[in-house]
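Here the structure comes first, spelled out in structure tokens, and everything after it is commentary.
Each chain carries a letter (A, B and C) given by its place in the written order, and its residues are counted from 1.
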Amino acid sequence: MTLRLPRRSAVLGALLLFAVTGCSSGEGGTSGGRADGSGLTVWLTVDARESWPDMVASANARFAKKHPGVKVDVQYQQWTTKNQKLDAVLAGRNVPDVVEMGNSETTNYIVNEAFAPLDPKTFERSGQWLPALADACRLDNRTYCVPYYAGARVGVYRTDYFKDTGITHAPRTYPELISDLDRLKAKYGAEDPGFSAFYMPGRYWSAAMGFVKDAGGEMAVEKDGRWQGALSSPKSVAGLTTWKKLLDDYYVGDRAKDNGDQPAVVGQGKVGVFYGNTWEAQAAADARSGGDPRLKGKFATFAFPGPSGKLLPPFLGGSTLAVPAKSRNQELAADWIRVFTDGESQRKLIAANTLPNNTVQLADVAAGGINGPAAQAAVRGWVTPLAPGWTSVEKSNVLPEMLERIATGKASVRDAAREADRRIDAVINER
Amino acid sequence: MSARKGHGATAVRRPRRRYDLLGLLVAALLGFPVYWMVLTSFRPATEILSLPPEFWPSHPTLDNFARAMGTETFWPNVRSSAVIGLGTVLVSLVVGTLAAFALARFRFAGRKAFVVVILTVQMIPLAALIIPVYLLLNDAGLTDSLGGVIVVYLVFTLPFTVWMLHGFIAAIPAELEEAAMVDGCGRFGAFVRVVLPLLAPGLVATSVFAMVQAWNEYVLVYVLLSTPEKQTLSIWLVSFQTSFGTDYGGLMAGATLTALPVVIFFLAVQRKIAAGLATGAVKG
Amino acid sequence: MSADPAGRRPRPRLPYLLIAPSFLALLVVLGYPLVDMVTLAFQDMTRKELFSGAAPPWAGLGQFRTILGDGFFWTVVARTALFTLVCVSLTMVLGLIVALLMRRTSPWVRAVLAGVLVAVWAMPVMVAAAIFRWLFDADYGLVNWLLSTLPGIDLARHNWFTDPWQGFAVITAVVVWGALPFAAVSLHAALTQIPPELEEAALIDGARPSQLFRYVTFPAIKPLFVMVTTLMAIWDFGVFNQIWLMRGGQPEREYYLLGVYSFIESFAVNRYSTGAAIALVTVVLLLAGAVVYLRQMLRLGEAE
């Protein structure tokens, strides 16, 4: 029986408390940090709980040794809803002491003075932080957050399909990739009209922008302190056109989709090659994310070659950690981040197939293993424009909508890009 | 259209069978997504997304339930949901019935204004209220407390409760109450012995509604509660949709577990009220 | 219906005592947030003011001028109105049919129907959206597969959301499916309140079933029918969750309804003031639309 009656006293108490406090200021709630300095509240996203819980536990243990008596309360947030909650909470008085922020989200919060400045020199390997993450933490030569981890996308292929088609090694150049895709398409596409030699859903913006970057294009550029969209520049359009051709030639799936359920679709077995994070190759063989366990061990990764002859520049996603300006335990919070991002913690991250926050340890990854190609590609990694209003651009789906229009043929590349630029211009300079 | 099909009292049997058939068809159609949910929750992960689909579990398994219930916070979250759900229902029914009775049986200055308020309150988009409501509770020291959530849910279920119950009370002839009052019951006595039993179906419908609202809401509660153990099942459910993809098996098992108490609640409430109806003895 | 003498009796204090708890709860819990929201709509609040607690600059009617002068906003309004009309009509008609049907079936079929209705009702919106999204998925959805088994139809990998009309058809299905139990159960509850003598008398008088429904049954449940319709209209006009979830938290502009629009402006674009202004305009529009009905409902409320 799952239903238990609430203790009547609880309900009554709540009403009473409510009647007493009413609108006036009562005692502070316990939502965020404790004012007395006896505890820290840390907001991490669910990735930590799912992929590297050991690292969290070990960092907390080491922190507890340093600060006995300080209770650390780690609360896990969903990416999709985290910022609504953060906005509401930051407007109040009881804020968390440490928050994890995606590297494309930080700028807007920093500009709006949500975070306390930190001294980078007191953090391990701060001189070698990945520029893509460190730049997202800086404003006017001050640092407001600490890089936590990074992720770079790579090519993932079905080893069994490659073998059966007689392809002996992963593609190293773009022409090689194209010829491999042709062979996959000829062999499997003929039998099954649902087979995609290359999986590239239409709204997969970070992949498409890789082609824009590879062609020398940009999403937005800064001119005299003002940002403006640059998707309709000739180079950007060239990149988008290459991307579209790849879709037309090798992708038969749904063009209005994003890459959200990529592992699940790939797990259906009708995909030869896809572009994604290393962990997606594992997720495609993991039932918990909709994948098929029978595919375990049938995926391998390769550094994705770009049409330009170099590696396709991957979007360097990643996370940073910041201390809200309203935190009452800023010193302790910074110290917790120090432990949580030290060399030991980063080693544990690497063990969980994630890229570390600094170039020194990145070299350790490149030595081999399934995440090696990601480390290789990360050197050419890029981030979204560090404009105050970029979060708005992302949240209002300008890029996916543009790509969907291109992919489905609703608009030409040029028209769709122009429209997107207009929408970018409208919000990109807003704080 | 269904009203036209009956052909008088002589041919009761045949039409009833036809209605039964139609009723089962409707039930099957409406219930299919629910069936799909339950079916999926018993399926091994490898089969879940397979096409062509299977409409019967060929290899039933409890793995999904084990995984879902194995979540650390499952039981605390069940408790939280129960406290918030039942708390909201109890308070809003008691408070709401009073107001509904006033609206249905009295004419007083400000009555229309109150009706307008009741209706208008429900028109406000939730999104615009998230931050102000959070700040209010923050000031009152009621964030991250189940009581705070109950109070907030109360104002979202109350307008509805008042509005619906007022409709149900209005449909009960006032003469019945008057007769009871003439028989020596006070107004309260008449209310308890006459109105309440007749109101029973309305109370069931309304309480299930309030329960469902409180049980399934997740936008506000996610912002208002931060301790993982205090959060509700609706937030717990969201965790099956990760950045890695959707764990359909786990999600559907979790959803089945989440929906079950509401169905049980409905059955319990219905039985209780059916019993009350019998003892209340309006006409006997 | 005759005037109720009990209601006319001067008892000035009792009704106020009865509504006092509800009124106070609404005032205390919603009063401040509402004032806050209205104020916000006349300001220009950014995250900076939100986080620091500093007073945002006043914008006067600026937000409203921007919104009302934007053609897109009016497209969204028209879309929302149409969506509401379709959803409410479907829900009420289907709900009434199911409720009437439940009166005519054998008790065990009624129990099955009631069970299914409550199970549907108990389904969290999030799960309902996930299931429908999955059923209509282009790559592994059941609906495409089923339809494709019909001769002459090939819907393999057909995406229902590329065309907003089809997409909204799916969303309407979720909304109506989710709201149907409430309508059916409430209407059925109202139907059971009708004294059986009333309908029996009419049958004995020789009324045909259609006449019976029109002149006896429907008038008896009309107050509740109107009330449920109103609530449906209010809820569907502000629909948010279903669209948000069906579009994976990233609805395209073709899928904006007022509720979604207000949310996006507040939390995605961080124009909290624009979001509040849209919310305010939504309420005003709903009130304007309700004025016609409101008069009728206020009268209804009086008829006892």
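Following the convention adopted for this analysis, contacts are C-beta pairs under 8 Å (C-beta built on N, C-alpha and C of every residue); 3 or more make two chains touch, one makes a residue touch a chain.
Worth saying up front: this structure is predicted, and the values here are computed from it rather than measured.
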Furthest chain, CA centroid comparison against chain B: A
Pair exhibiting more inter-chain C-beta contacts, B-C or A-C: B-C
Rounded Å distance, chain A centre to chain C centre (Cα mean): 36
CA centroid of chain B to CA centroid of chain C, Å: 15
Multi-chain contact residues (two or more partners), chain A: 18, 22-23, 84, 87, 91, 260, 264, 268
Touching two or more other chains - residue numbers and ranges from chain C: 32, 50, 140, 267
Shared-contact residues (touching 2 or more other chains) in chain B: 49, 130-131, 135-136, 151, 219, 238, 246, 248
Touching residues on chain C, where the partner in the complex is chain A: 28, 31-32, 46-48, 50-53, 138-140, 156-157, 159, 161-162, 248-253, 264, 267-271
For the chain A and chain B complex, residues of the former touching the latter: 2-6, 10-11, 13-15, 17-18, 21-32, 41, 46-47, 50, 73, 75-76, 78-79, 81, 84-85, 87-89, 91-94, 260-264, 267-268, 279-280, 283, 286-294
Touch list for chain A against partner chain C, complex: 18, 22-23, 80, 83-84, 87, 90-91, 108-109, 111-114, 193-194, 203, 252-258, 260, 264-265, 268, 325-326, 391-392, 395-397, 400-401, 404, 408, 427, 430-431
Of chain B, residues touching chain C in the complex: 1-6, 8-9, 15-16, 19-20, 22-24, 26-27, 30-31, 33-34, 36-37, 49, 51-53, 95-96, 98-99, 101-108, 110-112, 114-117, 119-133, 135-136, 151-152, 154-155, 158-160, 162-164, 166-168, 170-172, 174, 177-178, 198, 201-202, 204-205, 208-209, 212, 215-216, 218-219, 234, 237-238, 241, 246, 248, 251-252, 255, 258-259, 262-263, 266
Complex interface listing, chain C residues touching chain B: 4-8, 11-12, 14-16, 18-19, 21-23, 25-26, 29-30, 32-34, 36-37, 40, 50, 97-98, 100-102, 104-106, 109-110, 112-113, 115-128, 130-132, 134-135, 140, 142, 145, 177, 180, 182, 185-186, 188-190, 192-193, 203, 209-210, 212-213, 217, 220-221, 223-224, 227-228, 230-231, 234-235, 237-238, 240-241, 258-259, 262-263, 266-267, 272, 275-276, 278-280, 282-283, 286-287, 290, 294, 297-298, 300-304
